[in-house]
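After this come two complexes, each holding chain A, first together with chain B and then together with chain C.
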Partner chain A sequence: MRQLSVISRRLAAASVGLALAAGAAACGPEGGDAEGGSSDGKPTRGGTLSVLNQQAQSDFDPARLYTSGGGNVPSLVFRTLTTRNRENGAAGSKVVPDLATDLGTPGKNATVWTYHLKDGLKYEDGSPITSGDIKYGIERSFAAELSGGAPYLRDWLVGGARYRGPYKDKKGLDAIETPDEKTIVFHLNKPEGEFPYLATQTQFAPVPKAKDNGTKYEEHPISSGPYKVVKNEGDGEHLVLERNEHWSAATDDERKAYPDRIDVRSGLDAAVINQRLSTGSGKDAAAVTTDTNLGPAELAQVVGGDAQLKKRVGTGHFGYTDYIAFNPKVKPFDNPKVRQAIAYAVDRTTAVNAVGGSSLAEPATTYLPEQASFGHTPYDHFPAGRKGNAAKAGELLKEAGYKDGRLTVTLTHDTTKQDEQGPEVATAVQDALKRAGITVRLNGLEHNDFSDRIHSVGTEPGLFLTGWGADWPSGGPFLAPIFDGRQIVEDGYNFNSGLLNDPAVNKEIDEINKLTDLKAAAKRWGALDKRIGERALTVPLFHPVYKRLVGKDIKNVVISDWTGVLDVSQVAVR
Partner chain B sequence: MTGHLLRRLAGMVLVLFALSALVYALFYLMPGDPARLACGPRCNTIQVESVRGQLGLNDPVPAQYWHFLQGIAAGHDYSTGTSVQHCGAPCFGLSYQNDQQVTDLITQRLPVTGSLALGAMVIWLLLGIGTGLLSALRRGGLTERVLTLLTLAGTATPVFIVGLLLMMLFCAHLRWLPFPTYVPFTEDPEQWAWNLLLPWVALALVESAKYARLTRSSMLETLAEDHIRTFRAHGVGERGIVGRHALRGALPPVIALSALDFGTMFGGAVLTESMFGLPGVGQLLVRSVKAVDLPVVVALVLVTGFFVVVANALADVLYAVADRRVVLT
Partner chain C sequence: MSADTLVADEAGPAVAAAVPASGARHVWRRLRARRGTVAAAAVIALLTLTAWAAPALTALEGQDPDAYHDTLVDSAAGGVPKGSFGGVSTDHWLGVEPGTGRDLFARLITGARVSLSVAVGATLVQVLIGVAVGLLAGLGPRRVDSLLSRATDVMLALPHLVFAIALLAVVPSGFPRPVLLALVIALLGWAGTSKIVRAQTLTLKSLDHVAAARLGGSGPWRVARRELLPSLAAPVITYGAILLPTNIVVEAGLSFLGVGVKPPTPSWGQMLSTATMWFRADPMYVLLPAALLFVTVLAFTVLGDGVRTALDPRAASRLGVGTSKGAGR
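Moving on to the complex of A and B:
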């Protein structure tokens, strides 16, 4: 996953484009149809697509990017063994083959995964893509010079924890075998039925060893996708992509690649991006954004005004949950009744309003997001209703030993304004808890300081705001980092804030990981979420909703349940 | 004159040296671990330590600082993983966050900030001095009151409000101008100016207000001086008094302020660049501070300091030109 509020700025720039942006899911343009997008007529090839963003597409190296499903813009240049299904809604949360012929063949109880490459795969220079290039691409992601990616390869591959990358260890990583130029075999430490999801990440993109120039590779990475980089200015602040003539649509069922050229500009102000998309003059008529939501005021304007403009708003739900976290080692949160009292007292309506209202967030009572692919199983163990259940909270406090039903606690939050873990949400929680007799003192911390403190076992506060997003649309990367006791990190960044180390939970995680039937796995992830929810280690608050404008010439808007944002590989401008 | 310049040069080196040491010291008080930020939130301790070593953050702080100074004086070599590259002097090192040469990062952005600063300065000086002059000459009249009100409004309005309003009016509603996108002067001078027009005007409107107020007060003060009264007694025309004598006497404070503003502007007109999406030094500074990217932050402080010191030295020379009573020794 990723926890957006703690992501480094660099990472935010590189990959959160997708996650932040994300939100995922769902429905495509409001009032429009998925095929037609905002304009009539079939999409055709040609033209220039402009992407207007706030965050730069920095670190444009497949080894360094931390993406969900290979990212949005990165996926135009980097093809991977598998990829996300580029369809609207729930169908878009499926994993499908990309460079590989299928989703992989599991062996030895899902500890060995074998892939075969399709025929006719070429780089932008016309040279063939080989399985050795994919192995090399993964190996270089272990180099300290190219850090930044997700932790799964390190944790899953045999010997991954000790490997230091090909610049220091020329022998390579034995866990990846390439018996011939079209076959690649992965050996894992333990069963991982969701390996095909992992193979969507950019680290699985091929990198020709002869063209690898280390930290400078990001300036002109060698394309395996439909577009190649012709300009990369200011570390991804201005990226220009043009058609890769050696890419063959016959080998790629997912990317439509309609525009001839894609111009990605970033460093723009959110209000300006939305104003430009709304006005749509000149090149902005063929523009989209992958990281900028409409704000509450802008949404009110759209909803109450121009019908044509309303049709140009896409809605998505990325798999992300914002919640209150407890550290049960800190008093009084060691007492489950205190945690439950707070769970009863929260007012999800005011929390949702604090982030822009019901158009931009939906109240959450489950930790897992409400998409089927996560195995979402509805539950509400501590029903607070829409406005909080102060009476029940008061009763629990008395049972917990607070005879007068009064308690004072400190809530730690990020000081970044208009952030999901920021002061607005903290104040909403403070107000709700006050009604239940709980006085909340707010402790706002600077972003980096906040992140360091909440992720260190030694400094983790008792009560704080946080959130978690999906690396892929499944319960695995959502539940395991937060609730698997073996992932508690005592001397580094820890994400298991509840410090839960229950052998039964750990065992169930292992059992689910053995399943290669992803539907069956999803069901069990949902059941596990429901069980863990009873412990009140977290209080889910809301799932963000993403509303994005597109330019008036944009066609074929596809918003999947995987990313929640318009997929740039599907967009046409003619 | 030569002695004066040499002393200024020595002073400049000392100021820049002190600045860099101060920023280095302050950096270690900032929250956030650059190795952790560079590595990513899911790195384990071993990986973070590996990145820390690669960034040279395991060396003692004085050694890191010395290494930094050496790079400025003589450049240094660094590994890309696959080869060794040379970073020529003055080398500010590599960015902790993206391993790019800091010198490249800054030189890519300086033309943007320079374009913004130069154009805006021309407008704000013309507007500010003109308005100030008019206010001083129409003292007590309706014109002065209106101009005072406008300059007050200008001083009080943040550039992001002015910028947004200008864009909504001229780009969204009237559609007379494009939404600003930086086009290099060398690529297309006409589009360069066309796209920068709004940022220039927005920045100039805000800045010119203080110049108008300064020019007005300075002008009134000069007009009240004895030598002006003497000119008047000798029957010199008002236009001549204002143009040839009073204005020259009133300009030194304006020159001093311009020098400071111009130099500071090279540290980035942060809000203006953010508002208009101009990829200048200001945007880089904000990004680097948030990411605890020390080499970039120190380099930007030094670059800003350099321009401030140079601009002030230039202001001294202009002082002497404007006011013949000033002699550089």
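Moving on to the complex of A and C:
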């Protein structure tokens, strides 16, 4: 169970890294006002929005969508108990109520969460949405044939680990109670102050039991949001959404739903998408992408040339960190001095350039992304400066017993080109370490092989490139999977690459999870990150930045720090 | 009609190509007589010299092919080289690579070493295997012949690119990459040579001098060495000369697909693969490796063609039977 869920988590994180939703703030960098960028005037209703994507919107079933992808096109069709605040920048990383009246009432030390539904909530057929439908939607996600979601519900709900979904266990999941049609109560097996964040994922969307047809449900899921599915061809290859007349804007503070129709086409090449968006002829003028970044060479043209085009590029920050990971069970990385020497030697300037330069990545010295919601606390325990501190690294190597300050190590990386773990970053690291007297041999592995090896305790290399993205903008899903000793998976997909099992760290993670004050929790996540950073189990390299182009007719571009990409529910085409 | 064709003619048109030592001088003359061939040879000599002297030349330029120069690229603009023509300067004669700022001249000529050595190595091994298999098939008993011929057909029918990618992917990364590349290309591409050698062996076998040697009690090994190999030299050299440029392209293709030499070792194919996305922002980065690859392959092809013509007995004959020379009159 765990293994499957975690693989999908990794896949989702990877797809976010490569692409995911699109952003394009017109008026400059993130955090700007929500006024659309490319033309004047207020956004108005009507028209057709085109979405041009690389990856198909496959498995369009609320049970099967992962947290990250579920926040884009799917959030037009599926409403959930809570949702992302649809605002630019940092304000966009807040969690806000959606179907529920508030963020939930915690009880019994944050192990019981109670929600009440708003009045007047309806499906696309006009029938009312009940709390029982939300319970049923969550239960469905436990069915083996509807896998794909994040593992949290299984880990957190009482009895979740044993439950097999409503098709096999007709009795239902006792951990979710629905005392009346408007109330839903969750019983957790441990304190989880971040439960409101979890309630944003599509598994919390209502599914009417009478309309559930199992794996076929994805062809026409019943909409609770502003749009309904009118066409779904080739497993999400071509998706057409039209206005859901039964959705009421009065019950939904978040979705603007300006266009009448949304046409999602996928299977396109990244270069083709960017070319079509920049040319903007015909329907492409009212187009966006939710999964394609501008590449370095395309950026060179935008930055160097067309001012009109430059206005149509939006910048977003998704919580993601790319880093060098050590396996301290492999020599010589068992020696903290060696790990520190490498931390001192890295050149973050060339590493950033390897993934497209300062517009597409920012140097990182902290493991947590540089956003307040994560509790980012600045630190630089092993200051490498702009170009790496070769002298200090050499000293440390001598202290570590390498008399002439020389050492040969092997760096394992993905052979996928233009990847954050690809050969470009690996050779940049190799060059930087060479300056400090460390010879790096490169061991490039094919993508799947690479992913399997670095996530298995038995085959984990001593030194490799990897990255981590957040399931929601908080320190919890960023630190716990990587540094919680109880999350070391001996016989499956393991993310605790440093194999850290420190009772003090584990205890602090448990303590923070009890907090329902998310601000207070963020502060402590930040402090914990700083403390773990001293161990040099990872060398943070950079945080990716998203640069997204939108069509020339697009208005009201909103990019939150939660997704880092253009919010498709806010866009207007006229 | 010059004197040399006349001399060659005296050796008998049917086995003109089989005139080894005494013919070499004339072949050389015929090669020299063609301006295209001479030019191609000059280009190849220059390339080989450059590749051989690459470390010295990069040192002369004062650069290292693997050293990064982050100050020479515009990081905010995706890493495009600063300055015109891809950052050409007195320090960097052909500019720098986008993103990394590595010196292009140093990488191009170091890449030439890889391209040329892999291609030459692969060709030699191909010819070696091809001649061995072809001779064995041509001289051996019928059963051996049919077995080897079927094996050769199978090799010809294999989808080479797919197999090359698969082979290159499974070998552990510790194995020296250029050697591996040469071996893989060679192992998949010897079949053509072997077919030609077998056919030629079968023809030669029935010739009087070979029959005489066999009747005289010479064993198969001695017959092969003394009577056949000298006569096989011409077709084999010709075929090898045609194989070489093909192998350069194959190596570049495999590197382009990401299964060639490992980074940071530069190779033309690898550079082209990265350059494809830069063709609008930094055209120099695409043009340089592309032009170099084009010139190299063209030069080797022209030279191969020249060698073929020079060794062609028909071209050497006075009548020029079967050549444009003959047909024209």
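We take it that the second predicted complex is superposed on the first by the 539 of 574 C-alpha atoms of A that agree within 3 Å, B and C clash if a C-alpha of one lies under 4 Å from a C-alpha of the other, contacts with A are read in each partner's own complex, and residues count from 1 in each chain.
By our rule, a residue touches a chain if its C-beta (ideal position, glycine included) is under 8 Å from a C-beta of that chain, and two chains touch if they have at least 3 such contacts.
What you see is a predicted model, and the numbers here were worked out from it, not measured in a lab.
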When chain B and chain C are modelled together on chain A, clash or fit: fit
Superposed arrangement, angle subtended at the Cα centre of chain A by chain B and chain C, nearest 10 degrees: 40
Partner chain in contact with A:Thr350 - chain B first, chain C second, else both or neither: second
Touched partner set for A:Glu446, first chain B, second chain C, both or neither: both
Partner chain in contact with A:Lys190 - chain B first, chain C second, else both or neither: neither
Which superposed partner A:Gly148 touches (first chain B, second chain C, both, neither): first
Broader residue contact with chain A after superposition on the shared chain, chain B or chain C: B
First (chain B), second (chain C), both or neither touched by A:Arg406: neither
Touching partner for A:Lys507 - first (chain B), second (chain C), both, neither: neither
Chain B versus chain C as contact partner of A:Gly267, first or second or both or neither: first
First, second, both or neither for A:Lys519, with chain B first and chain C second: neither
Partner chain(s) touched by A:Gly295 [first = chain B, second = chain C, both, neither]: second
Shortest CA-CA distance in Å separating chain B from chain C in the superposed model: 8
Where chain A meets both chain C and chain B, residue numbers: 271, 446
In the complex, chain A residues that touch chain B: 2-3, 6-11, 58-59, 66, 140, 143-151, 154, 161, 164-165, 167, 212-216, 218, 233-235, 237-238, 265, 267-269, 271-272, 275-276, 278-279, 281-282, 284, 445-449, 451-452, 455, 489, 491-493
Chain C-touching residues of chain A, taken from the complex the two chains share: 271, 295-301, 303-304, 347, 349-350, 352-354, 356-360, 387, 415, 417-418, 423-424, 426-428, 430-432, 434, 442-444, 446
Residues on chain B engaged by chain A in the complex (per definition of touch): 30-33, 36-48, 50-51, 53-54, 79-83, 85, 97-100, 105, 108-109, 160, 164, 167-168, 171-172, 175, 178-179, 181, 274-279, 283-284, 287, 290-292
Parts of chain C lying in touch with chain A, wherever the complex brings them together: 66-68, 70, 73-80, 98-101, 169, 173, 258, 262-264, 273-274, 277-282
